[in-house]
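For reference, the structures are reproduced in the following blocks.
Each of the next two complexes has subunit A plus one more chain, namely subunit B in the first and subunit C in the second.
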Partner chain A sequence: MDEFSLYVLDITMNSVRAGADEITVSLAEDGDWLTFTVTDNGCGMSKEQVEKLSNPFFTTRKTRKVGLGVPFLTMLAEMTGGGVKITSVPEKNEDGSVNPCHGTTIQGTFGRNHLDFIPLGDMVETVKTLIQGSPEINFTYIHTFPGGHVELKCAELRAMLCEEISLAEPEILMWIGGYLEEQYAGTEEA
Partner chain B sequence: MNGKQLLETLELKTVCGSVESFDGVYAGDLLSRAMSHVEADNLWITIMNNMNVIAVASLTEAAAVLLAEGVELVPEALEAAKEKDICVLSSDKTVYELCAGIAAMLN
Partner chain C sequence: MKSLEELMAIKAKMADKVAVRQADGNEIRVVVGMATCGIAAGARPVLNAFVEGVTAAGLAENVTVTQTGCIGICQYEPVVEIYQKDKEKVTYVKMTAEKAQEVIEKHIKGGAVVTDYTIGAAKI
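Then we have the complex of A and B:
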């Protein structure tokens, strides 16, 4: 993974697998730092599970015994002088009681000017890939950087469309790509 | 190639485990790339020394990890390597010197 957008895709897929229907992906570039945050309303994790996340030999996958998503993200964060913080509220507690506000927030900070940091990569393509894979999820994408701000809210988009139309329709995806690219181009000129 | 021959010719140290033989070599430090390029029974040469190296070696079923440039595994990684029965070797030589040495042995 030599582009940051691949990390964004990988980490956000954890929220998709956690059964979330609202996922916010945010990138905030400010000074020497990039803060990457994913917040979801998925099934969440217990304290013990969160603690085990940085261990690559812990995974919820059944197809293989090793999970490297969070370990790789943590490695990149630490290599560039930052770190990763995870907070989570499980849907069900061990005693069977239910938390109505469940979900997970993972936040990484990265030294964006550090020698070992990697190019951001194609965020527009990444957002389109996420929406195409899970058109029923309300993704919110926010990218702020010095002199600019790019935003997409699937919920707002859905409200403007007829309900039967999937966000994975090629025309819709193309429109989303154009909408994001237009915002990026607008800020470059400014 | 025979593991014992490799250890003797290149004067490698064994950190943990043992390697009877290996088939092919991959050299590289970007773990995500190693994950897709190290093949089963390969010898993997790297200068990375964290726990994730052991996870990638386990996932790819590498025959052994060879740490170059005198790098040492962090304690948790060493513990994981022993637990998962991953063979780890080390050398003060650079990645290039190790690759060139192996290539010379093959010719």
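Then we have the complex of A and C:
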């Protein structure tokens, strides 16, 4: 993957598949570092599963035997002097008891000025793709960088539209794309 | 600046349209594989080409574009499947945004499968 925004898309898809309905994606650029965090309220993972995640031959999928999402992210983080941390609370413990506050947080730090770091790429397209695929999920997107920040909260948009109108409607998606792009353009001029 | 008022205007415009869109059994469903394999192979621009192309061609009432996970043929990604009632599923492989345009024109609009891009024609 040659753009960071594709990593963001790929890693956030894990939260989608975990059945989350609230997902926060944040990018924070500060000094030499980019911190990328995804927090969800999905089904979570046991300690053992979290440990296995860095193994490319671990996946819960039935369609193939490898799972490269987290290993790819870890590779890029470590190549640029950073790392990846994952904390997770499973919805159900092994003894069958239930954790009311379940979910996963994955956080990666990347040396944003490192030679091996890659271009950020089209973050607007990534956010649009996430919403197109799961319009029912409340995504929150926050990107902060020196000189500004860009933000989108699906819950707020949903409150303004009515329930029948899906965020995946092409007109709405186009509006979301324009809304984000104008926020980015506004901060560049500032 | 894209304002929230503009969003409200879209909402007002769409209120009647949403009611009109009804399942008549002839819808076409375009499914794009968006797992790690698909994303790494370039599925995002393909998905985008279908979403925008279908809307631009005025086909949005009858065509839905959705995402799915890994179909299990990662070496053929980006993979796009097209479902239509009473017709065999068509699997397009190694797609690009340009090929997506062609599929919209010839297959979705014109009803003719673009056999060159199907899995049957693919060589690995």
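Basically, the second predicted complex is superposed on the first by the 190 of 190 C-alpha atoms of A that agree within 3 Å, B and C clash if a C-alpha of one lies under 4 Å from a C-alpha of the other, contacts with A are read in each partner's own complex, and residues count from 1 in each chain.
The rule is short, and it goes like this: a contact is a pair of C-beta atoms (placed from the backbone, for glycine too) under 8 Å apart; a residue touches a chain by one contact, two chains touch by 3 or more.
Predicted model, so just to flag it, every value in this text is computed and none were measured.
S.K.: For A:Met75, using the defined touch cut-off, is the partner it touches subunit B, subunit C, both, or neither? Pick first, second, both or neither.
M.R.: It touches subunit B, and subunit C stays clear.
S.K.: Between subunit B and subunit C, whom does A:Tyr179 touch in the aligned arrangement: first, second, both, or neither?
M.R.: second
S.K.: In the overlaid three-chain picture, which partner chain does A:Gly133 touch, first (subunit B) or second (subunit C), both, or neither?
M.R.: It touches subunit C, and subunit B stays clear.
S.K.: For A:Leu53 in the superposed arrangement: first (subunit B), second (subunit C), both or neither?
M.R.: neither
S.K.: Given the touch rule stated above, what does A:Met1 touch, subunit B (first), subunit C (second), both, or neither?
M.R.: In the superposed model, A:Met1 contacts both subunit B and subunit C.
S.K.: In the superposed model, does subunit B or subunit C contact more residues of subunit A?
M.R.: On the superposition, C touches more of the residues of subunit A.
S.K.: For A:Glu125 in the superposed arrangement: first (subunit B), second (subunit C), both or neither?
M.R.: Touch status of A:Glu125: second partner only.
S.K.: Once the structures are superposed on A, label A:Ala18 by its partner contacts, choosing first (subunit B), second (subunit C), both or neither.
M.R.: In the superposition, A:Ala18 contacts neither subunit B nor subunit C.
S.K.: Where does A:Ile165 make contact in the superposed view: on subunit B (first), on subunit C (second), on both, or on neither?
M.R.: second
S.K.: Where on subunit A do the contacts with subunit B and the contacts with subunit C coincide?
M.R.: 1, 6, 64, 68, 72
S.K.: Going by the contact rule at the top, pick out the subunit A residues touching subunit B in the complex.
M.R.: It comes out as residues 1-2, 6, 55-57, 64-66, 68, 71-72, 75.
S.K.: Looking at the complex, which residues from subunit A come into contact with subunit C?
M.R.: Residue list for subunit A touching subunit C: 1, 6, 9-10, 13, 17, 61, 63-64, 67-69, 72, 125-126, 128-129, 132-133, 157, 160-162, 164-165, 169-173, 175, 178-179, 182, 186.
S.K.: If we count contacts the way the header does, which residues on subunit B are in touch with subunit A in the complex?
M.R.: My answer: residues 30-33, 35, 50-52, 54-56, 58-59, 80, 84.
S.K.: Spell out the part of subunit C that touches subunit A in their complex, as residue ranges.
M.R.: For this pair, the touching residues of subunit C are 1-2, 4, 6-8, 10-11, 13-15, 18, 34-37, 39-40, 44-45, 47-48, 51-52, 54-55, 60, 65-67, 69-72, 74.
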